[in-house]
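Chains: A, B and C, in written order; residue numbering restarts at 1 for each.
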Amino acid sequence: MSKIYGRTAAVRKVSLALQPGRFYVLRGENGAGKSTLLRMIAGLNEPTEGNILIYGLKTRDARQQMGYMAHAPLLYDELSGMENLRFFAQLYGINSDQPLVEAMRRVGLDPKLTRRVGQYSQGMRQRLSLARAIFHSPRLLLLDEPFSNVDPESALAIAKLLAAMRSSGNTILLVTHQIGLLAELADEFILLSHGQLVDRGAMKQGHA
Amino acid sequence: MSLSVTRLTWINVAKDLRLEWRSRDVLNSMLFFSLLVVVIFSFSFSPTAEESRRFVGGLVWTAFLFSTIMALNQSWARELRNGVLDAYRVSPAPPEALFFGKCIGNFLLVLLLECLMSPLFVLFYNLRSIGPYWQLAVIFLLGTWALVVNGTFFAAMSIRTRNRELMLPLLLLPISIPAVVAMVTATTDVLTGELSAVSQMKFLAGYCVIFTTACFLLFETVLNAE
Amino acid sequence: MKSPIFFVLLIITLGLLAWGTYQAIMVAPAEATMGDAQRIFYYHVPAATAASFLFWGNFLASIWYLWKRSPVADALAVAGAEVGVVFFGVVLISGPIWARYAWGTFWVWDARLTTSLVLWLLYVSYLVLRSSSEAGSTSVMAAALAVFAALDMPIVYMSNRWFRTSHPQPMIGTPNLNPEMQHVLLWNMLAFCMFALLIAWFRFELERASQKINALHIQKATQSTMAMTIAPVMLFFVDEKLLHEQMVQHRFMVAGYIAVWTIYIGYLLFLMNKLAKLRKEEAALNVENHVASRSSYV
């Protein structure tokens, strides 16, 4: 369970408590502070006031339990997919290829592909970035606009994976400013506007 | 699940070397730049072999400084270009491993450049050292580390400034002045054989220890400065 | 609460500056070999002392900031560094003017001068870092740099003492002062340290004002500015009659005074400009914010 109380220039006095095992969508217009809030949870921005607890731990100690997928792919263009994953996996203490191959299969990528990531399509890069977010089986997934600029096939693969993770009890927090595919997958939405928490509640069908 | 700093450092070094190998153009340009620096310096100051021993120390280290700054400026470029630093920060890996990995990678690169430039200096100035060569080797190693460790740290700082490439020398040079004084006088002393360079070597060793510790302690703070 | 104290101190400082300058020029006995040119000493040394205090202040404030992340600490750090650079600039300009007369050369690479120059460079690089870094990261990085600078200082001093002995080492520093000279020096020391403290305080208020655009700070800062600008102008009245003297020694002394006070006034003008900008910013913000909720600014 995560609990946030934070305040920065972009986000003002947001106080949230999230239940484990549920799929949350963080919505709002551009500049509402959604990405900043997500980054605060991921530990990339420090709130000027307040603190963040993830499963009862401070962010620093909870990193092994978190998977973060940013808006940009954050991968080394000059390395291949598996090489990228191998490097990042070692940062999480994973030294065998097994979980990596597994993760790549789940996002629908071929682990034996030797092409450099610089030559991937955007959709493939997003999928690889997602693979990196899940290969250590984190309990909490943080995603920032995972579907933007992505081809429909990749979008579908990502959505299927998220549904699967939701079913196996992971907590998912996803930032987007469109709903589309998520209307059926998500449990709850959280609406931010001008850096403040405006609304939250269960996802209804046809929620635009 | 081993997240030891040493192991991760080597992983970072290996990754950097592999990346460097894949895009060799940067390395080639730097090698050529170093060559040009030596040529221009030798062109501008061309004394006899006797006199040259006295000030070649200053020349050599100025040339090395140029090349070091060139090399350091692009040390974080790859991480920046791909935005990969965020991915590193989100992982449980300690940032010190990232820093030392970078330092060692830069250290090896700069040593390579120095190994290219030194024979050229010897050639152009008809140099022969009167003092022991092993002392020169120690001075080069310690001096290079002193520049590289602070340089990598300040290069990481420069990432968050507007004039990135300009910021690095502005930050690095004032702090390095004592080390440079030691390096230059030590090199001159060894080449001319007049004085012993042992005190300067101890000084450089102390400088390296102090600043390596400072960088180690403060790197995480600087990396996470928003 | 602070304003009245500031003004009382300001009056006292002005009085001390006038008294100290008068003593330095008229009362202190002429030095045997250097005559009036030596009188530069009476503001050169206090400026160095004041700057050292300010840099120490910056170092301590930076450590405090790294530990507690308090904006007050950050404002103190900036004030200390900036005003310290100004006062140290005074040292580095008045020194060579004096040296040119006393030794015939503008500069030597002895331990003390080299250390001073490097210290000044370090703090200039600190200020450059502050001005060109991204908004959120400035304070932290500058504080880290201040720690490095502090580590470097003793090292610079030692390196120069040990490794540059091939150069001539003229004796500078406090010669054996006769008691009258010491007396004058102490008055000037007090005057300039208070002057430095006041300017630093003013700079600190400016920084706090820009940290939270708050009408009160700006008001306080405005009043101080006007007072501070008058102060240096007043002191020129003391020197006027000396401008007619022909002797070279006097010329050096006068040159010293002019150079130094140009620096001080220039810096005060710079601070005034900064203040004007802050007020414009505040005005603009007030127009925007009449819709926003007040609770955000608590």
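Going forward, a contact is a pair of C-beta atoms (placed from the backbone, for glycine too) under 8 Å apart; a residue touches a chain by one contact, two chains touch by 3 or more.
Keep in mind it's a predicted model, so treat the numbers as computed, not measured.
Student: With contacts defined as at the top, give the pair, A-B or B-C, that has more of them.
Tutor: B-C
Student: Where centres are the averaged C-alpha coordinates, which chain has the largest centre distance to chain A?
Tutor: C
Student: Quick check for you: compute each chain's CA centroid and the global CA centroid, then name the chain with the smallest gap between them.
Tutor: B
Student: Would you mind pulling out the distance in Å between where the CA atoms of chain A average out and where those of chain C do?
Tutor: Between these chains, centre-to-centre, one finds 51 Å.
Student: What's the distance between the Cα centroids of chain A and chain B, rounded to whole Å?
Tutor: 38
Student: Hey, how far is the Cα centre of chain B from the one of chain C, in Å?
Tutor: 35
Student: What positions in chain B touch 2 or more of the other chains?
Tutor: Where chain B meets two or more other chains at a single residue, that happens at 226.
Student: Mind pulling up the chain C residues that touch chain B in the complex?
Tutor: Contact set of chain C toward chain B: 66, 118, 121-122, 124-125, 128-129, 132-137, 140-141, 144-145, 147-149, 151-152, 155-156, 158-160, 162-164.
Student: Which positions of chain A touch chain B when the two form their complex?
Tutor: Spelled out, the residues of chain A in touch with chain B are 42-46, 63-64, 66, 68, 70, 72-79, 83, 87-88, 90-95, 116, 132.
Student: Show me the residue ranges of chain B that touch chain A in the complex, using the header's touch definition.
Tutor: Contact set of chain B toward chain A: 1-3, 8, 11, 15, 18-19, 22-23, 78, 81-84, 86-93, 224, 226.
Student: Name, in rising order, each residue of chain B that touches chain C in their complex.
Tutor: 150, 157, 160-163, 167, 170-171, 173-175, 177-179, 181-182, 185, 199-200, 203, 206-207, 210-211, 214, 218, 221-222, 225-226
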